[in-house]
Amino acid sequence: MKTRLAILGAGRIGQVHARAIASNDSAELAAVYDPVEAAVQSVVNRFGGNPASIDEIAQDRSIDAVILCTPTDLHADQIELFAKNGKAIFCEKPIDLDAARVRACLDVVTKTNTNLMVGFNRRFDPHFMALKAAIDNGQIGTPEMGVIISRDPAAPPADYIKRSGGIFRDMMIHDIDMAVFLMGSLPESIMANGSVLTDPDIANLGDFDSASAILSWKDGRQVTISNSRRAVYGYDQRIEVHGSDGMVQAHNERPVNIEIANQTGYQTAPLHDFFMTRYVAAYANEIDAFISMITGDKPDIPTGQDGLNALVIADCAVQSAERGEAVKIPL
Amino acid sequence: MKTRLAILGAGRIGQVHARAIASNDSAELAAVYDPVEAAVQSVVNRFGGNPASIDEIAQDRSIDAVILCTPTDLHADQIELFAKNGKAIFCEKPIDLDAARVRACLDVVTKTNTNLMVGFNRRFDPHFMALKAAIDNGQIGTPEMGVIISRDPAAPPADYIKRSGGIFRDMMIHDIDMAVFLMGSLPESIMANGSVLTDPDIANLGDFDSASAILSWKDGRQVTISNSRRAVYGYDQRIEVHGSDGMVQAHNERPVNIEIANQTGYQTAPLHDFFMTRYVAAYANEIDAFISMITGDKPDIPTGQDGLNALVIADCAVQSAERGEAVKIPL
Amino acid sequence: MKTRLAILGAGRIGQVHARAIASNDSAELAAVYDPVEAAVQSVVNRFGGNPASIDEIAQDRSIDAVILCTPTDLHADQIELFAKNGKAIFCEKPIDLDAARVRACLDVVTKTNTNLMVGFNRRFDPHFMALKAAIDNGQIGTPEMGVIISRDPAAPPADYIKRSGGIFRDMMIHDIDMAVFLMGSLPESIMANGSVLTDPDIANLGDFDSASAILSWKDGRQVTISNSRRAVYGYDQRIEVHGSDGMVQAHNERPVNIEIANQTGYQTAPLHDFFMTRYVAAYANEIDAFISMITGDKPDIPTGQDGLNALVIADCAVQSAERGEAVKIPL
Amino acid sequence: MKTRLAILGAGRIGQVHARAIASNDSAELAAVYDPVEAAVQSVVNRFGGNPASIDEIAQDRSIDAVILCTPTDLHADQIELFAKNGKAIFCEKPIDLDAARVRACLDVVTKTNTNLMVGFNRRFDPHFMALKAAIDNGQIGTPEMGVIISRDPAAPPADYIKRSGGIFRDMMIHDIDMAVFLMGSLPESIMANGSVLTDPDIANLGDFDSASAILSWKDGRQVTISNSRRAVYGYDQRIEVHGSDGMVQAHNERPVNIEIANQTGYQTAPLHDFFMTRYVAAYANEIDAFISMITGDKPDIPTGQDGLNALVIADCAVQSAERGEAVKIPL
């Protein structure tokens, strides 16, 4: 018997997940919901399943799990709905931009004993997985100092920024989650700084486009993060962790491995220009992990609590940048 | 209407092609043939289609094309059969180890006006495609000198070697095809050298495990090739082309991009250990090109003549290695 | 007429500078002072000049300039002495660990119109010079975000640490100077964090061995710094600057460019294990620049004010790490 | 007592060697000869020694050794002269373009028991030395297949080419010597190919500008060489040796380690544009080895026989390219 999944939200990321389900030998796409009918039909034609309403999906006992690719402000309500209907749930991050709302939602998840996975896709990137494995295998001794550099090709549209929660909750939150994931425990405090360097309109929206942070752990470990919303050479995503016996670095993934030499020197291609091409393997791996969890395996997945942790730390980053002081993390 | 394809030979490479068909939105797997029934069933279960005999496939007018993953000594007969039955044909290389037999087969292909594509998968590798595009875009000026390094992780089993036609026809033939493909015309002569360095049993089979060659073109261009059947660090595949205005190199593809530094230095992972993991994208791309050809596009594909050319040059390499002299290529 | 220089302090770094003078066609080593006579004799034998006392050097009107490689606590007095005697002065950093003492000393330098250069050798490293030139040539547009990673192979001895002023004034000060140098202006504030991760004895001395900082400029530019006193893979010194039109990185210099591949993967050698082998070219270049300044050129050199600036910022880093808040830089 | 050396030929390379002598603590420049008096004076002013005639140098018993940077057609006679006068001799390659003349000269060297070193500078390059050490330390097991790529930035002037002996004796001879040096024994035969691709004038001079070769050893080992007289991206010098347990590569040395990323991708600088900047360390190391040999050490140096071997193999390459067949090497 194949695991049967429903997808809510048939946009860009919903389609990526639909393809992953169709390629997974032990799963099938059972149902697709989206307010835009044409979007539903396109997914169904390519990857199978039937159009369905949210309620139909919730009531259909043959459906094991749902994948929520809906707008952020619907996530918490939908998690609660499907939790009460016994579905395993994969939810794109964040659960909500308000930590209190997330906590309430997670209470429901806990009470209903629901399997909830949050879409921190980078944990499933092959390069970062190899980096994590190198740490876990003791190849760098005790991890101590981390450096995370993360730059987007270009800022998202103003409409997106308005609803995003700001650079710390929308962008740095991924790096914060990676720091927690790689260090294996929660930091004690954070110092953060934000500014606007790429586009004054972002300041008008009350947000930053450039940000730095230092996370520090009780035992003295430290991770620095550097973010920019604009990198003309592509989607720049690097992590390194330094430890007592060595260091491990994840370099950027390159679309092609050719190098051209001419009178001006040696050239390699720009980086991926979009997170969805950069993280193709990560998206497929995370859905495979979700399906594997539903069937009873115990993969190491980002939970609702992981989502909450990263949000709370991002909230502290916001406060630190406002106040110009280290903020103790209430976790 | 989707293009309907049949696969003959449900082994390792047949399965790869079946997956490519299943992932192509404009194609579907119609039929699968293999003398081993379980192999057929496994492919059908995962990728669709029905079990069928060779004759049933040949007679089924709803089937547009066949993919031949059968043993080499059956290729030429099967090509002729399906050519006469109006199918487009994808045939894994080589068409035959005997150039005369290939020529006779290609006569049938020509007379029946058949679309025949030969499986020189490397032409579809993203890195080598980018290298070819760089040349075609004039980024290195006129291409002049090529260097191709190609090493297998380990020699194939004795049984395979016996039927392989030898290192020049089985292994170097890929590099020869790439040289012709990248230089855009046929070389005039070849000097080659072979020896046994990795395993004396290979000498007992009358073959070499290490080989070098210099191809030279009438206008003075030169390509050197270096082959070994054993590389403990993985499947090593590099090409560079030097021209009047620069050079382009295709570096090896790495499974992961992490680097670990410790007291002994900096380490990166070994290369892919298998050609099928190394050329995942190439296999998918070549089937996509084949499907696109069937539907009327004119992709740049390796033809039966390309297969014959590479074989004739490989034959000349065998002679050159025997005689210790340059051999003029009769093409 | 060659420029005539005296060296005070014939230890490790004094010998490096003596060799640079001997290799400079327009300079000669005139005199050498050190309390240890054998050290003086060794330098004189290899690089020329005569033994002399401090006073003799100060009084010798044929001597144009002095190079101070003496202990830090003597620097300020000696600068004042030689300034009053009309010598050009090269002083190893820092001028003093106390900013007030530095200010007083610089007053004398100004009043006597003395040419004073401070030994921030990294500004003369060929790689960092190329990085600076790339910025100045507009190759990355407006520089905005910097990331500096700087790790020593091993912590210095306890005796050194005691007199060093601590990790911020002894080690991070180099990175602070590079940040100021590359950004081209002074930061407005700093957030810093320190901890002990490599050796508890360092905590007993009241110092840190691991430190991070975020420098921020009034216009929103930000530089993060990550320091560790222990890197088992060598002396790790990397800088990158990200700007509106691109990014420039200085990778580590490698002693040799070989790479070895075997069953465990690809290996390159560890980094330099000592700052004096890493910065061979930088030390020679800085002395050449000093000599060129004496003879009337206007090379871009680190001045006494640059030395003071870096020290004041390092002092602010100490305060920030103590108080857990951003500290405004009083410059 | 310092070793006293004389330099004959005060041109470009003579000056490089004079600097190396001046920088060697156990040697001094005693005399300089050149038909151009101003050249002699310039060297003497910068690095010491006295002007002297060839005979004066030969007769001066205080002079231990000579360094011959004179035109090639004078080398053999001068070697014989100084051998008979008991000097240790360093001679820039080649001893002569005629193997018979070299043999006669080496007879004199042998009979007079003279220490003769030939200037195959690449054996002293730090990167190639590390590559050789990796082989000798067993890091790649038994070396089996070599690939040498060697490209000059631009062809030398016509006058030089006329007297050079042609691309095989002038340029590929360096790669041949490296192949012999790295493999540790002489090859049995060579296949070579030459053509003119960069400048038709070179054909008019009866020479090639592009050449390839396969050297093969009796035990089956093979080395391929690819040469071009024109590389717009600089002086390209790479060697790799593949063995039973791995491979070692010497990558190009880069003048600076910075990388710039912008909209068109990532750029690194061109290679060195001149062999004298590329091989700075090699030139210094070879003179140090020569001086060390004079003082009784037994450094591993290229001898007169090594010079003869490379020349004889280059002669065979010329014949192979003419005849289109493998040529057995008469050594």
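Residue numbering begins at 1 within each chain, and the chains themselves are lettered A, B, C and D in the order written.
In this section, contacts are C-beta pairs under 8 Å (C-beta built on N, C-alpha and C of every residue); 3 or more make two chains touch, one makes a residue touch a chain.
Computed from a prediction, not measured in an experiment: that's the story for all the values here.
By the contact definition above, name the pair with the higher C-beta contact count: B-C or C-D.
Result of the comparison of B-C and C-D: C-D.
Taking each chain's centre as the mean of its Cα atoms, which chain lies farthest from chain A?
D
Provide the C-alpha centroid distance between chain C and chain D, rounded to the nearest whole angstrom.
Centres of chain C and chain D (C-alpha means) sit 39 Å apart.
Counting in whole Å, what is the centre-to-centre distance of chain B and chain C, each centre being its mean C-alpha position?
Computed from C-alpha means, the inter-chain centre distance equals 57 Å.
Residues of chain A that contact two or more other chains, please.
231-233, 245-247, 261-263, 269
So what shape is it, when you link every pair of chains that touch: line, ring, star, complete or other?
complete
Under the touch definition given earlier, write down the residues of chain C that touch chain D in their complex.
Against chain D, the touching part of chain C is residues 23, 25, 46, 126-127, 130-131, 134, 139-140, 245-263, 269.
Okay, in this complex, where on chain C does chain A touch?
That would be residues 144-145, 147, 149, 151, 189, 191, 193, 195-198, 210-214, 216, 220-222, 224-226, 228, 230-233, 236, 240, 242, 244-247, 324-326 of chain C.
What residues on chain C touch chain B, complex-wise?
231-233, 261-270
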